[in-house]
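Take a look at these structures.
Two complexes are shown next, each including chain A; its partner changes from chain B in the first to chain C in the second.
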Partner chain A sequence: MQNLNLLSAQWVAPTVDYHGLAPELVVAGGLCLVLILDLFIDERKKWLLSIISSFTLLAAMIPVITLALSETSVRSMFGDRYVVDNFSLVMKGVFLLAGYVVVLLSSSHVEEGEYWRGEYWFLLLSSLLGMLMMTSSRDLVSIFVALEFLSIPAYMLAAWRKRDPKSNEAGVKYFMLGVFASAVMLYGMSLLYGVTNSTLLVDIAAKTTATGDFAAVQVLAVVFVIVGFAFKVSAVPFHTWAPDTYEGAPAPVTAFLSVASKAAGFVALVVLIYTAFPLAQDIWQPFIWVLSALTMTVGNVLALKQKNIVRMIAYSSISQGGFVLMPLAVAGMAGSGSSALRSVVLYMIIYAATNLGVFGVILAVSRKTRSGEVSSFGGLFSYAPTLGVLMTLFLASLAGIPPLGGWIAKFAAFQSLLQSQSTWGYALAIIGAVNSVIAFGYYGNVMREIWMRPVPDGDTTPIQIPGSLSLALGITSVATLTFGVLPGVALHFADLAEIAGAIIR
Partner chain B sequence: MNMLRDNNWVLSVGTFLPILGVVVMMLMPKAQDQAVKFVALVTSIATLAVGIFTAMKFDFDQAEKMQFVAETKWISVIKSSYLIGVDGISLPLYLLSMVITLLVVIYSLNHLPNPGKPKAFFALLLVLQTGMAGTFIAQDLILFFVFFELVLLPMFFMIGVWGGEQRQYASIKFFLYTMFGSALMLVAFLALFFKTGAESFSIPYLIENGGSIAKNVQIWIFAGMFVGFAVKVPMFPFHTWLPDAHTQAPTQGSVILAAVLLKLGTYGFVRIALPILPLAAREWAPYIGGLAVIGIIYGALGCLAQSDMKRLIAFSSVAHMGFVMLGISTLTSFGINAAMFGMVAHGLITGMLFFIAGSVKERYHTLEISKIGGMLTQMPRLGWIFGFCCMASLGLPGLAGFWGEFPAILSTYNPAAGLNVTVYRVFMVIAALGTVFAAAYLLWLYQRIAFGTPKNNSHDEHSTHEELHDVTTHEWLAWSPLLIGILVLGIMPNLLFSVFDPAVQVTLSVFGG
Partner chain C sequence: MFVNQFLFLAAVLFCIGVYGVVARKNAVLMLMSIEIILNSVNINLLTFALRNGSTDGHVFALYIIAVAAAEVGVGLGLVLLVYRNKKTISVDDLSEMRG
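Right after this comes the complex of A and B.
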């Protein structure tokens, strides 16, 4: 009897800040609703599920906004293991809006294909829920749980077209390499726990530091954890899964993977660097420098050779990942920490808008051409001028040409590199500058097809764009243009996004 | 720096009015070709009207001061603001861009190159105009950069869609070259920003504070800017995109490229690179001068070797921009005044020559010099106009070209203090030789095309006698302002020199005299 009392006395239910958890709860509720409804509604009414999914994501935006407006700027739960700070709110907003656009991109695609619709929406929402959790996780365990939560549904989504061998290949490759990456990362995490005796990032920060040199085990731990996320963000040389997965997966899923899933990887990377390894910059800075230089260069050079548009965009997104990594290579240097964080967040916001737009156009065009070749864009401007202009805008933004969003993203990345006033920063900036020129080689190639080449087979039947797809294109193009002409809009959010408890500034 | 802020709305209106025209065009339903042309014409006339209003309100007695200055927050997080203004250096170029755009629109009303698509064509033209005008009024490096880049895509499409047979190659080459230059330029701008205390991107601020940067750092930053601007000018050895771009671009594209876009580079040197980094400018000046004279001779030799009329004019641009850069490299007010004049004169003359090349192509269906002959007997008016422009281009006294070329050569006799006089006098001799070459290639070109007997047998079979009509009304409308400009500026060069000079003096004050 006394024992029981003791047990019950020891276990105190943690106080849960339901307001802080509201976005996650809304999405969780929505995905349960989708799952249950899928069992009961008629096959012809399955389109309702996409509506429910999109409204779930919009509804989840409401608590994000109220949280942003509330007096409490940082809400800390479960012994500081789950933190809602400005960084996590901004990123939650990005994930929810990106998810909303992905739903818009998917709805006609999923309706027209003979796929399992209910499960599609369920998996998509699950993955998004994992991403929302990732933004707030400040503990190795919760980071790992969030990572698996967002990855496992994504593996299944990649293999969605189950009668298409390419889609199967995509799913299997993604799964195998993803699990391998998780294993490496877990090993790193276990070493970290061994060294620091804690899984809480803040505790790890205090103990992952060198009085003299770093112990080998510390170096291994930090590097392994970063490698795990390098897989997730498809940084070279851990990128090999990305082109095959992107090409084989259904196009909306590819859009989701290349934007949201990649951003989730960066979120984790940033959180770890800023809260767990701030004093170990001598380990990760050179490592990320090399990763960044390799990623943008290799991604670019391989993209130049691609004939398939989705493969090309896959390599382009690898290379864009290198640009996101760029400022992190100097994040530990005095004075550049906060500007590096700002430019990473800014890059993710703008890249999300632009790349989703690219996939919107690809989806619309492939409805007519049923082809993934770059040449299927031939003469697009002559028979679908709006799509042609939109694709041009998105590609120009990816190439970083003012006055489209991408330029300010690249600019901010260069800025934080130069702010470090270090040789490493200057050198990486030059590499980045050269790469942004190379990138135009393949973006320009698609523009050339759109504007200057004849229509393949002379087939100029107009393209029917479903309403949801038009809405997605509208949102992404307005965002891309606005961020470019009035960069303050995006920069404002990026500037707000501070990680509570981050040590490097 | 003193700034006048009266009427500060005019510059924004003049710059962004074309965008309004584009928006109107986009909202119009399909297949309204005439309406599209009308909107383009009205927009460009209105833009020029605002430009003329600007010039009327411009206080020429204080041409050294920034006028119509407007400043608003733009990207406050990175300390860049929307800061615009014009002084004596920018005003003529700002107006030039508006005039050229209007003339190109007039010319395009019934000379739309294949494959048509008037809506896209005029929309790009107007976006181009905003970019050009914006570059000349921007007083903030980031704003300058955005406008500088804004011209890239429209020009890329203009060459690539409406150009000649090799258009796709030429357009991508143009784009990659320019983008490479501007990427390095941007890195240089950022380095400049941090080396001056990360306070502001505003050009007046940087002019005040840039001089205190250590010399070796200045030299590196200058190198980045140099690549960016030199590609645009283009200076030898970054010029190879120019002949391709010019040859393949449609007439309208060539005219704008020659008349305005090339000036963005030289303007960048005068407005940004020299005054902000005076120590580096001194170190770089002899090299710039050296590349400039190489450009003069190389361009001239290139001209002599061409069999295609348009390509020949393109190479003559390389030579002429060499004179402009030579004037800038002296770092004297005399030289820079000459360079500024040379920019405007080259804009008028070479723009006109490309117009003529377009008309020749339209009539003869070829630009092969050997297949054209006897223009004076077939089309006397066109022949005479062509002759007039050739004379202006080779620097005949009394026409505008003279005042860009001759003072530039003269200025090298006495470069700024601290520069090696011997080296510059060698440059002077070489540049003077260049003018002889210029006379040679232009007169030879004129002789082969205008003199002799018409080569009817070598014409394309489509080229009937009716097509060989003389100058049309549209052409007269588009050309006469340029022709009058060439003549008036040739006779009264002081019209321009008096506007440039005060601003040039202020720009050079950083060199200590």
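Right after this comes the complex of A and C.
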């Protein structure tokens, strides 16, 4: 009965570092404000809520910057279960900026629909709060709570267009597979706790290896936990929800899911691999190798035959996820551990900017064409030259063409694979290189529509772009270009991202 | 303490739950199967907590119970939404999008 003795021990309130928690507190305050104002505000003034949401996200950037500049580099709270280190600060910045751009993308879309505006902003901010928590969580319990915190509002956002059967289907498919994945992940976590007698990641690290008396249980535990996050990052063969959810959900929500939600999955995966399973690389390295190779290839091949632009971008974002996983497949090998971490962070920063830009253009064009087909981009350059050039820029960056951001991201990922100096690393690099070429097939197809094909219905009235959408397009295109021309900017942030307590070979 | 029996029970429940999610086409039954998996996790955690003499497992199980309640709230809401629009809760009938 020693448990009961533990329970009756004197309870001491944990010391809370309010400066370290400030970004989360600002977002939490903002979302409460949105929820309460939504009840009392007049229907015609609901546009105020989008302004409040965007300012909340910008205000939350201030503590992130002051934390980055402060003397203490690592702040840990609640017995090292919640850690604010450089990695979490960089990722918090990415999530807040991505969230800001999503707010800009959605504001005109949300205002023009006759749906529930207040709930939209509340759910978006809740999901972002979960992502901020995910970057700092260093304990199985807090990772689980953060994962559900970011997922549950996202399920509701996907089904947000209540009367639209497509949106319903998107929400139900996302929910069923997401909850199933987190249940499987929890079973893995319970086994991890059983073997290591701790939920703290750094304690788990010491006892989780591929050998020992409980080797079979440990393999099962590590694989189940990684499967849970493979669903979140839509890695093949756990991607089946992604195309349907991306196509059926409202377009700004799809942008949010394919960028922020996916990045949150990668954050958790990176934290687990570097702080919880550093000694178990024999278990996860082959597993992630297979996931990465399958994700790149299947995503690309299925994207080639898509006629719907959002569905094509969904498959493209699946295959981009494979490229992010690529360096993690060699992350446990001597010499490539730190470069793998750097290239994953770099890829997430650049991919976020580029993919949000793609969705910005899709939203702008669909305002006029009211169509999701690739052919609706025909002759875009002739009547909307700016949008045509921007779309070409973003697609070229996703394809990895040199002067643009995507090229630097892919270069860093391949560099990290080659640094491992292993056959596995070289083999994956070859698969990745082949896939980069395949990917150009469908990106090039959209570019051909924009530049060479005639306008499908002959309607060449210029497209009216609302101010918020142009600001979003401005931010993303400047970021995509800057990261490509001055790679040092993005590399600087990726270099900063060190995980406190991580064992890096 | 017979740790093995509890772990065996949890493993069996886990398998039943996974089978249910994969084989059932009724959305509510799928939700129930997911709940069975979550309960198998709770049994696992409590067994290990008693075996190892730490309270972390108890706390984790409490969190899982609370979060599972929120999940089911959202899940039943989504099922109701689908039922209102389509008059069916079979996931096979959710096939607006293909490819």
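Just so we're on the same page, the second predicted complex is superposed on the first by the 490 of 505 C-alpha atoms of A that agree within 3 Å, B and C clash if a C-alpha of one lies under 4 Å from a C-alpha of the other, contacts with A are read in each partner's own complex, and residues count from 1 in each chain.
We take it that a contact is a pair of C-beta atoms (placed from the backbone, for glycine too) under 8 Å apart; a residue touches a chain by one contact, two chains touch by 3 or more.
Everything numeric here is computed off the predicted structure, so don't read it as measured data.
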Looking at A:495, would you say it contacts chain B, chain C, both, or neither? Reply first, second, both or neither. first
Look at A:421 in the shared chain and tell me whether it touches chain B only, chain C only, both, or neither; answer first, second, both or neither. first
Now for A:368: first (chain B), second (chain C), both, or neither, which partner does it touch? neither
One more residue to check, A:434. First (chain B), second (chain C), both or neither? first
Quick check for you: in the superposed arrangement, does A:411 touch first (chain B), second (chain C), both or neither? first
Between chain B (first) and chain C (second), which, if any, makes contact with A:381: first, second, both or neither? first
Residues of chain C defined as touching chain A within the complex: 7, 10, 14, 17-18, 21, 27, 30, 34, 37-38, 40-41, 44-45, 47-60, 63-64, 67, 70-71, 74-75, 77-79, 81-82, 85-86, 91, 94-97, 99
Under the definition above, what is the set of chain B residues touching chain A in their complex? 73-78, 117, 120, 142, 145-146, 149-150, 152-153, 156-157, 160-161, 167-168, 171-172, 175-176, 179-180, 183-184, 186-187, 190-191, 193-194, 198
If we count contacts the way the header does, which residues on chain A are in touch with chain B in the complex? 342, 381-382, 385, 392, 396, 401-403, 407-408, 411-412, 414-415, 418-419, 421, 426, 429-430, 433-434, 436-437, 440-441, 444-445, 447-448, 451-452, 486-488, 491-492, 495
Chain C partner contacts - residues on chain A that touch it in the complex: 2-3, 6-7, 140-141, 144-145, 148, 152, 155-156, 159, 162-163, 165-166, 168-169, 171-173, 175-176, 179-180, 183-184, 186-187, 189-191, 193-194, 197-199, 243-244, 247-248, 302, 305-306, 311
